[in-house]
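Across the two complexes that follow, chain A remains constant while its partner is chain B and subsequently chain C.
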Partner chain A sequence: MADRGHLVPSRPARPRPAPALAPPTSAPRNRSLVTIVRAVGRSGALVPLLLSAGLFAVLVLAPVVAIVARVLLTGDLLAVLGRPVVIAALRLSLLTTTLSLGLTLLLGTPVAYLLARYRFPGRTLLDSLIDLPIVLPPAVAGLGLLMAFGRRGLFGPALEALGLTLSFTTAAVVVAQTFVAAPFYVRAARAAFLAVDQELERVAHTLGVSAWATFWRVTVPVALPGLVSGALMSWARALGEFGATIMVAGSFPGRTQTMPLAIYAALESDLEAALALAALLVLVSLGLLGGLRRVTGPLGERADA
Partner chain B sequence: MLEVQVTRHFPGFRLAVAFTTTARRTALLGPSGAGKSLTLRVIAGLLRPDQGRIVVEGQVLCDTAQGLDLPPQARRVGYVPQHYALFPHLDVLGNIGFGLPVRSPAVRRQIADLLDLLGLAGLERRFPRQLSGGQQQRVALARALARRPRLLLLDEPLSALDAPTRRELREALGDLLRRLDLPTLIVTHDLADALALADHLVVLDAGQVLQSGPAPDVLAHPAHVRVAQIVGIRNLLPGWVEAHDETGTTVRVGQRRLRARPPTGQAPPVGSPVSVCLRSDRIRLQPAETTAEEANTAFGRVVDERWEGTTVALRLRLADARLRPEAAYDLEVEILGATYEALRPRDRALWAVQIPATALHLLPAADATPAAVKNA
Partner chain C sequence: MIRWSAALLALLTGLLLACRSALAPPTAHPSPTPTTTVSGEVVVFAAASLTDAFKEIGAAFSATHPGTTVTFNFGASSQLRAQLEQGARADVFASADQAQMERAQQAGLLAEPPRVFARNRLVIAVPRDNPGGVQTLRDLARPGLRLVTAAPEVPIGVYTQQLLDRAAQDPAYGPDFPARVGANIVSREPNVRQVVAKVALGEADAAIVYQTDLTPDLADKVRPVALPEALTLIATYPIALLRQAPNPTAGAAFIAFVLGPDGQTILQHWGFLPAGDTPTRALRGPLPRPDRGPGG
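Presenting the complex of A and B:
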């Protein structure tokens, strides 16, 4: 944690020299919104721009509005939410996302700190690999997890010897969620740790406070907004996890059927339940957006700063 | 007494600093990138030296030959970094009491005393972002003092402040440091700060100590041309030693002979190239017609003038024998603003310039300076 380990402490990155080939005119010009709107208005581009912005808004909002409207118009939300299948999905989602968030914090925080504070061989590789689950198609992630930890997977026999089976258990749901969602946290936590002035930690050391205590009493509190927003993002991703979960864990009510899986399962048989669950998830998502804004300002503005 | 001798390699930079000071307050003076802050960090134990020995008032903090290198937690060194690094999530009390058992009545009393001493009473519950620059500085000092350090390290204590506050706080900080009477090492790139806050100067450049000594000595007798530049000597004239006699030394500078009186035993040998150092505030200016020509008197006209706050820097071009024949001016003379108003140097064509023989300081010529300077 401290500056004194055998790992080489990272120093603030120096600005890289501009690539020699970049034409000098390519620098983005800073223009205020007002000037842009004026320029756009004068050039006659305002109408098409507003049109595409409107279409985009419709595309994003229509599904949400449709769900909310449908629920409000037809169903008795509370009654539907009381159905056993819905309750089971809700409870399972709450349980698994809590566990996967805990696992993410436990495993992701040291990795994020390591990436932010130290230089070591393989650092760039690790830094890139962190993002792999974000770009990997969920179905591929699910298949990969099955091949690694499934009964006939790479580590299956070893796990079996320990009396552990992962496939089609609640544990598999947690593993799938963690795999898919952890990068969102690690990314944000790494940026948050990077933004903590190392001079604060140094001062704490000279004040007689150990590296471990400094981490908890200085680094974490100062990085907290970034850590919280990362945790929220990662939790949201875990809550919505579908593809990888259905591959590794299947869709067994009460055991592996989380809310998104329950929505899919109920689509044919019980549209009301599907809609109620969906409405609940919409509500949670909107709440998350509000929470993120409170913690960091406009979404993502701080996370990568 | 503070004894520091440390080396540490970085990619592209080598820190090899050694100095000893018996003064209470010592300034580490040098341009940015000289290694001043790194030196401070090594002394605080935040950066491990490849090799070194650090002794404060008889207490050995680090001696690599003995395998001793105390961690920063055990050094009892008060560290006030540039921009103060106050903990943003803690209020003034939280900052000052950080790392202390704040529940103990003795500690509480001590913190209350510190608040009084530094004029922070009433600000206990403020957060750093709610404090002025001067208040932040005092909180950082209080935090460093709360552990009763054996050595206080200040990194550019005034650079975070704007100019008017800076001048005021320079005095206040100087007074405070004198009252604390604690061994203190102050890093600065600003000569005025160094002189206001410290009695001993250690001039650092390119990772090496160029000169260490009482401030007046370093100002009057810089050891190298680079030191002369760092301590703000404006006139550095190339010349060579022509002769020695019982009353002093004759140096040839440009088309002119100047008389110098170097301290005994310090005169460079006859024939050796020298840089003649001349502080711009030691040159006297008089109306030409009232001055009889004698040794080290020249006549010239003002070719340029610029206001520098309370003084005016005049550039003079000598009328006949020039000191720097190839340059636009020969000498830079600094006079007080009030003197400037009285003399009105612009109104007169010719001025007599008198240079006291004792004001001339002879240095080995620029290309005979240590390797560290040339690499800079």
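Presenting the complex of A and C:
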């Protein structure tokens, strides 16, 4: 057991710094801006780079700004948010993403730990399998879930014999969300566990602390920022889940119609409601980015120090 | 995205036309009659239930009008109307109900008054082995049955609601019939073809759809259960040229083709009723204007 350590390259406690998300302080950013401006003054070489950066910024910002502007200019956001369809979608999204996040933590944490600490036959396969839902188109995921757990699916009759039906239920929403979103957490958690200095775990072990207690009182606290940012990313992906959900869970207000599905449905009947939900999701996404910076930021600084 | 692709298509069509006029020997005097000037691409936004019939009509139109291509965007009429309102470019709009066409007209999207080109009958669709044991309309209210329908704005969703409301006036069904059926609805799908697909997959026990949706391709998966004669409800399909049509001549020619004998033959081959036909129990007077539906 003690030789487990050499299997894992000991890395500095730095889960991939996320360059887009977390410049540690504002000072270097200003400096680099000055440098860029000076460089542009000296040579035109940076102009095409800046131009493409500008175009990229427009591409990313335009839809977000358009939604917010449209809501601010035309609608009474609060009144629209009070509509039953909107409330139902909000509640359902909150409920299902909470459940899918719980399921993800429950199932994903052991897998991440397993991949980070142990070498076993099939490890590479499992490692690649984790990433499969990330690259798999959600519509394919939805169809696959239907073929597997639908009434006529591979396991459908067995489930039905147990009195369980997945399709068109809130449970189907949770399963679809977990399927597409869990890999984001598992990847981050695996990296976070890998980054934990195993010397700490070994010391705890020699002090007679059980493996279980070591995991909870040493490994998890040290890996926490990585775990939290992975959980946030996973939650965001679940919140935005659309393709797999509409295929396996259908769309019914209050039961399977989550916020993205409600936006899609409202587009042809109630554009105001669609915009209000979209604006809300924009706010949530921005808040999430802020949260991610908070979680990863200090860690990045600590690693740099 | 549709706007972009439409813009791109328009651009390509423009280039194509420019090439054609540059290459083709100029005719003495381009006469204003449609038959000689019809060319290029026709973009048709059509109700999902028209998918099979319109694809065949599109091929026949291109065959009889060399130099034309027909591009379709099939979807719920309500969705297509919303896309058009948001600026999607198309030449022709064919809706599965009058309500969406009227809204398009009120939004100033139409270049001409719409014309009815087909009608359609509603049926109950059940999986081939009918696991829910649905024999009559009344069975749809049986607790535990899994029904799918379309979103409240989608024509088939509106027609279904109208049918249930009409049944509610019959004491044999009772005034709570729509509510009891509604309690069995497990999903409101984006369009009628998605509704049929869920029945074909066996995920739903039944759905009310158009008889034309039970295409030969689905014959081994889905079968119809007739609705009571007394409650027969006929769907009406209007078509119109759009005001912003990039290719109005070809669009008008396409509409004429749909209304003409060739188009009508194809439509009836796919199970549509002729436009002029008034079946025994057709709607008396204008459709009761549906309210905004249960969803709000």
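General remarks:
Everything that follows uses one rule, which is that the second predicted complex is superposed on the first by the 254 of 305 C-alpha atoms of A that agree within 3 Å, B and C clash if a C-alpha of one lies under 4 Å from a C-alpha of the other, contacts with A are read in each partner's own complex, and residues count from 1 in each chain.
Note that in this section a residue touches a chain if its C-beta (ideal position, glycine included) is under 8 Å from a C-beta of that chain, and two chains touch if they have at least 3 such contacts.
Only a predicted model underlies this, so the values are computations on that prediction, with no experimental measurement involved.
Look at A:118: by the touch rule set out above, it reaches neither chain B nor chain C. Shared-chain residue A:150: touches chain C; no touch with chain B. When the shared chain is aligned, chain B comes close enough to touch A:218, but chain C does not.
Contacts of A:210 after superposition: chain B is touched, whereas chain C is not reached. In the superposed model, C is the one of chain B and chain C that contacts more residues of chain A. Shared-chain residue A:200: touches chain B; no touch with chain C. In the superposed model, A:168 lies in contact with chain C only, and not with chain B. Note for the complex: chain A touches chain B at residues 3-4, 197, 199-200, 202-210, 217-218, 221-222, 224.
Within the complex, the chain A residues that touch chain C are 83-85, 146, 150-152, 165, 167-169, 246, 249-253, 255-257, 264-265, 267-271, 273.
Here chain B touches chain A in the complex through residues 41, 44-48, 71-79, 81-83, 85, 87-89, 98-99, 143-144, 146-147, going by the rule given at the top. Against chain A, the residues of chain C that register as touching in their complex are 76, 78-79, 81-82, 146, 148, 151-154, 185-190, 198, 201-204, 292-293, 295-296.
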